[in-house]
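Heads up, the next two complexes both have chain A, just with different partners, chain B and then chain C.
For the complex of A and B:
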């Protein structure tokens, strides 16, 4: 039986093009990952497998700098993700359960606009903002900036989840004598939870990986992992940078994967 | 103090109006539902049944009018302050809670202790034969079982009135029939007033103590099943409930409580007079197909002469389509088990139609 079905694979060159795109996307990462296991200090010549650069990250001369930066990164990412997720959850509840209110479309646009604005613009704007109000740059400025740009990332999976929850569940809760608050905490919140976890992980990873905005708003002497790596690279590219980068990529992949599966989880 | 009218009505709806913008979904509904009654709101889709039910539950504002629950005015109370529970059309069971937790929810929200809530939930689950499923999540149950959980959850807090919005519409025919009996049984056992919404007239007739037939945001007729079926008050009710022959008639003469009606083709039939239609006025006549018998010879002066056009076998009955003078058509049903007594005539046969005394119903509008 031959069915005349449209199949994109039948386009000439489709497979080749796909492979090319994937190569362009992933080849640099592959090179970094492979050379992080290089036994020599060279970043171009392969001289056998070794974990020495991973050991160097934790015990080498630059280890103290990296450990401090990593600590900062995690503290900022956890705090920013937590605050951003809480705000995004409330925003999603208001947007989806608030009925039709004036400026609803505008609010929706405002929440997701930062995703489309070039990050460098946001970075400069944030810097100007902090300067204007006379806020001294440091860990707090990084944290505030991260909370702000994490909100849309946390918002998307949460609102997607919530859109699929019919309001009859809350009506049923009210009908069964729950107060509005109880209907929210006992029924709506648990149903939203997969979206919230997914949004949290996404916000966390976005904060952890951010470089541009952080670089602008950080004070002197405060480093996060991405800015520390950038600083180290300026001194010269060593394989220990590749080891850190590989670990960061691995961590990100795990988080995004978990986020994806939690978000998809059906109740 | 609450206004109490001293009646034993579970629900009194007084001149309730519901508007959505320019659209009037309910036009001044007034009805009383008695304590401990199985009351049905029946009507075609879009007539406002759900809207009325949701106003009683507290999910819709009442644009105008009042609603009383056992004499207490409730239309301004939020849903969680009304001792009324709902079985939702799609059940709305909490998917993250198991069956027992679902059934306990209302009791816990009312502040009953966990132990007491569990005991009561256990009882009610027993009543709906779901005890062995109490640890399951709703998604692990069949449609019929979910339906019973929804019932148990709504009955557990012992509401004064239970509202059911087309609860059986998602079930297949056999299960639906079984649930109809079970619901009726539960209503008797618990003594709770049920307000049941359906668009299925057969379901309404089998289950209800009383029925309010609705159309286009108005109550067309309110009464017991038998009243509604045998004494419809208007064309809509006669047509919506069961099958009927609707014939345009003109009233020719009146004799006490009886009137003589003429069809367009000149045939005449006497029936009970009804208010709102006098001599010389036209209206409709409703004759149920099963209330007519076919004979070879004329046995009454008012029998119509007709010819069998077609017979349709419908299991319990044979439905005969008859042609009368002037192109008029009538449908007559003859029970299959009656075969010995009431004959089925072959298509093409000439017959006489005998309308059972008292079963022709004159309708003013």
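For the complex of A and C:
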């Protein structure tokens, strides 16, 4: 019987296609990671294992440029993720603990807007906006743009988490004469922490990785890691770029893994 | 994942009912000023006159749309006949995004189905494996695809070594590379919604079909596919829409010849050669296309929801 069930569910070739799917998704990144450890200065031949290009990233002739870009990237990502997470947490509280109200659907639409508008269109629109109000392009324009499009990414895990928490905990706190503010900060917020951390990390990665919007709203001379990498790749693919890329990929994977396990915790 | 912010009903209480205006105010202010107003401003810009060193002059004109749709001859004084340059770029983008969608479906559906039929304990791990590439920097992923497809790159080495090709193939800077790049970029978007739909599918329906002597493939086509259709449609939209406006794949894999909408728009805002109103108009046309697709989708979802009840 169990054999028959298994047969009904499975289809020939699906396993192979799944393997192919994972191969397509992972192989290019793995190949670049392997080649970033290549001792050769050419990207064609393999001349043995070496950490030469990783050293080059930190001490080589282009290291100052990359360090500055990395610093900009991290400052922007930390600030944008913090602000976006705070805004998204407040919004989720209103959307999920605020009862039914007329502007609810409209607010949900507004929050989803950055996900629906194609990124290049958001980039053009944001550039036009800053240009019209005469806001000089630079780090601040990048930061503002990042805050806006990070909000939905922070909102999704936070609201999902809040939906999983019954409001009986806060009701209990209110019955015991806690003020609403206390019920929020001492009861709801700690319960939501996994969702908030998860949302923060995702917003952080989205900001850290963004290229298209950053490329449009950055001022001349201001670079983040992705725009610096893009500029370098346009000059030709060099091994030090592969080393930086591999580090950034590793960093993203660590962040997503942490976010995944934090989000799952005691759910 | 990027399919829009889901919201629950009003079953979560209304403890913060009085505060909700204040709680939502930061969101309204931020997103109105930084997304909604800019998009409206972009609409305005598409009707303004271009300034020659980038930017605009505030004079109303249809020039941008005229340039897009009308061929007025060498001296610009002839009556409007259809201008194919930009329509062709749009048409090719639609075609390439469509092909990327079909490719992703062919690979993504079996993958999603396979994952959904694994034991419940290991499914999250499989999903996680599919999710990771989505969170890896798209620029770096595209660059690594460029590395793979180079003339002296790993894929060509493999093809020559295995005897499949006699000499390295020209893959980079071709339409083929752009096609592969789009497919590779958005493949996870296809798998995840289909997986969610197949996971909810009741497999006793497949057993019933088998008991009634339906072949496996008939069961897949007539029973499974209709049941998971919402997931398939969601996956197709999540691949098609970002592919349509893609910039990195055509720019890094297609070279100068294989333009897509994204490259056309970007070019209008680079350096001094650009034409801001024209870029705004092209962006508006792209945005309208996406909104139409999303509206059809939303309407269909609403109708499907109505049928279930």
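The criterion applied here is as follows: the second predicted complex is superposed on the first by the 258 of 267 C-alpha atoms of A that agree within 3 Å, B and C clash if a C-alpha of one lies under 4 Å from a C-alpha of the other, contacts with A are read in each partner's own complex, and residues count from 1 in each chain.
Just so we're on the same page, a residue touches a chain if its C-beta (ideal position, glycine included) is under 8 Å from a C-beta of that chain, and two chains touch if they have at least 3 such contacts.
No experiment lies behind these values; they were computed from the predicted model shown.
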Clash or fit, chain B versus chain C on superposed chain A: fit
Of chain B and chain C, the chain that contacts the larger number of chain A residues: C
Touching partner for A:144 - first (chain B), second (chain C), both, neither: second
Partner chain in contact with A:190 - chain B first, chain C second, else both or neither: first
Touching partner for A:74 - first (chain B), second (chain C), both, neither: neither
Touching partner for A:175 - first (chain B), second (chain C), both, neither: first
Contacts of A:124 with chain B and chain C, given as first, second, both or neither: second
Partner chain(s) touched by A:26 [first = chain B, second = chain C, both, neither]: second
Vertex chain A, arms to chain B and chain C (CA centres, degrees, nearest 10): 100
Superposition-derived minimum Cα distance between chain C and chain B (Å): 9
Set of chain A residues, in rising order, touched by both chain B and chain C: 166, 171, 174
Of chain A, residues touching chain C in the complex: 4-5, 7-11, 13-15, 17-18, 20-22, 24-29, 31-32, 35, 43-44, 86-88, 90-91, 93-101, 103-104, 107-108, 110-122, 124-129, 131-132, 144-145, 147-149, 151-152, 155-156, 159-160, 162-163, 166-167, 170-171, 174, 180, 183-184, 202, 205, 208-209, 211-212, 216, 226, 229-230, 233, 237, 241-242, 245, 248-249, 252-253, 255-256, 260, 264
In the complex with chain B, residue positions of chain A that touch it: 166, 168-169, 171-179, 182, 186-187, 190-191, 267
Residue numbers on chain B that touch chain A, as the complex places them: 57-59, 78-80, 84-86, 88, 90, 92-96, 105-106, 109-110, 139, 153-154, 157
Residues of chain C touching chain A in the complex: 1-8, 10, 12-17, 19-21, 23-24, 26-28, 30-32, 34-39, 41-42, 45, 55, 106-108, 110-111, 113-115, 117, 124, 128-133, 135-141, 143-148, 150, 152, 154, 183-184, 187-188, 191, 203, 206-207, 210, 216, 219-220, 241-242, 244-245, 247-248, 252, 261-262, 265-266, 269, 276, 279-280, 283, 286-287, 290-291, 294
